[in-house]
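Working notes for the structure below.
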Amino acid sequence: MLSSGSSVSILVVLDLLGIFVFAISGALVAVRKGLDLFGVLVLAGTTGLGGGFLRDVLIDATPPAALTDWRYLLVPTAAGLLTFAQHPRVGRLEPAVNVFDAFGLALFCVTGAVKAVEYGLGPAPAALMGMATGIGGGVLRDLLAGRVPVIFRGTLYATPALAGATVAAVLHTLDQPLWLTALCGGLLCLGWRLLAIVRNWQAPMPRGPASV
Amino acid sequence: MLSSGSSVSILVVLDLLGIFVFAISGALVAVRKGLDLFGVLVLAGTTGLGGGFLRDVLIDATPPAALTDWRYLLVPTAAGLLTFAQHPRVGRLEPAVNVFDAFGLALFCVTGAVKAVEYGLGPAPAALMGMATGIGGGVLRDLLAGRVPVIFRGTLYATPALAGATVAAVLHTLDQPLWLTALCGGLLCLGWRLLAIVRNWQAPMPRGPASV
Amino acid sequence: MLSSGSSVSILVVLDLLGIFVFAISGALVAVRKGLDLFGVLVLAGTTGLGGGFLRDVLIDATPPAALTDWRYLLVPTAAGLLTFAQHPRVGRLEPAVNVFDAFGLALFCVTGAVKAVEYGLGPAPAALMGMATGIGGGVLRDLLAGRVPVIFRGTLYATPALAGATVAAVLHTLDQPLWLTALCGGLLCLGWRLLAIVRNWQAPMPRGPASV
């Protein structure tokens, strides 16, 4: 969700695609939790837009881009309605959704980090904001659905996002061209996440029994 | 929670009444979940003020009105203390609380939408912000109480708020007089919500079994 | 998390110590809930920095200080990694952690209230913001870990924070010297909280059975 997206229309299209895929994953969780139509739409919208909202509120880029461009509201609504009406079919496509979701994650961690640098943050907090843009929607989705976020329970998801966001934040701070920044950061996140899906990599767990 | 409420004192009184009723509903949930006095007060305050906070943070109207006017803190505190001390009696009044809650919802969705338009949002996002003002407190209440928000599980609550907020956002964007805007938007939300209570209308659920 | 911390280095050191202790408590909850390394780091960061983030977003002091000073990111990360690797040992130190946590609470409720007054809030909302700075991280920690916040269920924790923040907000509004403000507000919060730990004081609960 880059604010200056009006001229760079390919970025907007990619951004909307990422939001669409994230929103599908939110709507599927809502259907499986037995939520009603409104719950499905809220989880679709929250998952698609929540990461960008979180970042924009923290870096003071309010109102968020999604509140000033109607397409950003239309896309998650459409994803929610589609999933509500066709959830058995959409659910069967979930392996494909996971792959597209990795694209969305790669895109969001790069655009989030770049936007944070442009709002004056240093590379370390900008990397954190990039990661938050990528994972924030899924965390909010899980909170609203009443479960501990899946990305805290072994899914290797946030680390690729942080890695990609770090590369993007550093390159953008060093004034590298945007295409190079996006390519390096995005490919690192995308490749790592896809490998984690294919090989079923898990995040490390604490060793030994937890004390009470 | 209109910011310019100082001169229009009737709006402030209505606003405080809405916050009071919302806060009662939050405090009742807290008592039933076995929370302590502090939990009761926090849930009262969050339910009464949370929707307005959410809207003000997103449209960059910070600090929220409730942090600059002591009456907005006094009212939910009083509602929380009253419920804490007299919860069996307050609980028996819950059917009446639900009717007043519908008034609060109608009021908040209108004032939220109007405020968002005044902060420069288009009608679609302003309608969304109006709905968020109306439902946000209840969603935060349920998250803090450890349950999936009731308005995602069949209660027909958010749709009337969205309808009323949409009417209010469109009329205010078209520069219609405030009384007309409030009347049309508010009555639509109020009537629909009261009918939903009386006739036990439910929000639509997804059909068929959810895939895993 | 005072913004003007660069010259008053002792305040920064105290602030970082408070964040460290809060982060340890967050990481311990994460380990006990069976979260992975990333979950441990997020809960450490959220518990250490969440209260300050919440306050800064509400009083419009964005971006939060923690996003402009790398030490504020380093400290909770270190606390999370330490707890992840050594959680049985860290867990055995928990009684000591609780005492240090009381120092962190006292510090945060004072700095939060003082900062809110400096951003133009009146004493009552500033006291609320001071309390929110102290307790916000723990509330977010519990939400992310999927449990109702412990401070809503009998732990006497928020009341000392509110008392200390109120004293600090009033004294700072009256232009008293900062050392006096910090001493009076901080000692009230610290002493009350330590007594509550030692004597196992509980917050009052509603009387009688809750109606359904």
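Going in written order, the chains are labelled A, B and C, and every chain counts its residues from 1.
In the analysis below, contacts are C-beta pairs under 8 Å (C-beta built on N, C-alpha and C of every residue); 3 or more make two chains touch, one makes a residue touch a chain.
Chains and their UniProt names: A, B, C = Trimeric intracellular cation channel family protein.
If you're wondering where the values come from, they're calculated on a predicted model, not measured in any experiment.
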| item | value |
| --- | --- |
| Any chain that touches subunit B and subunit A | C |
| Angle (degrees, nearest 5) of the CA superposition of subunit A onto subunit C | 120 |
| Subunit B-subunit C separation of Cα centroids, rounded to whole Å | 29 |
| Per-residue overlap in subunit C, given as positions that touch at least 2 other chains | 57, 60, 143, 146 |
| Residue ranges of subunit B in contact with subunit A within the complex | 57-60, 119-122, 124-125, 128-129, 139, 143, 146-149, 151-154, 158-159, 202-206, 208-212 |
| In the complex, subunit B residues that touch subunit C | 30-40, 42-43, 53, 57, 60, 62-64, 66-68, 70, 73, 84, 87-88, 91-92, 94, 143-146 |
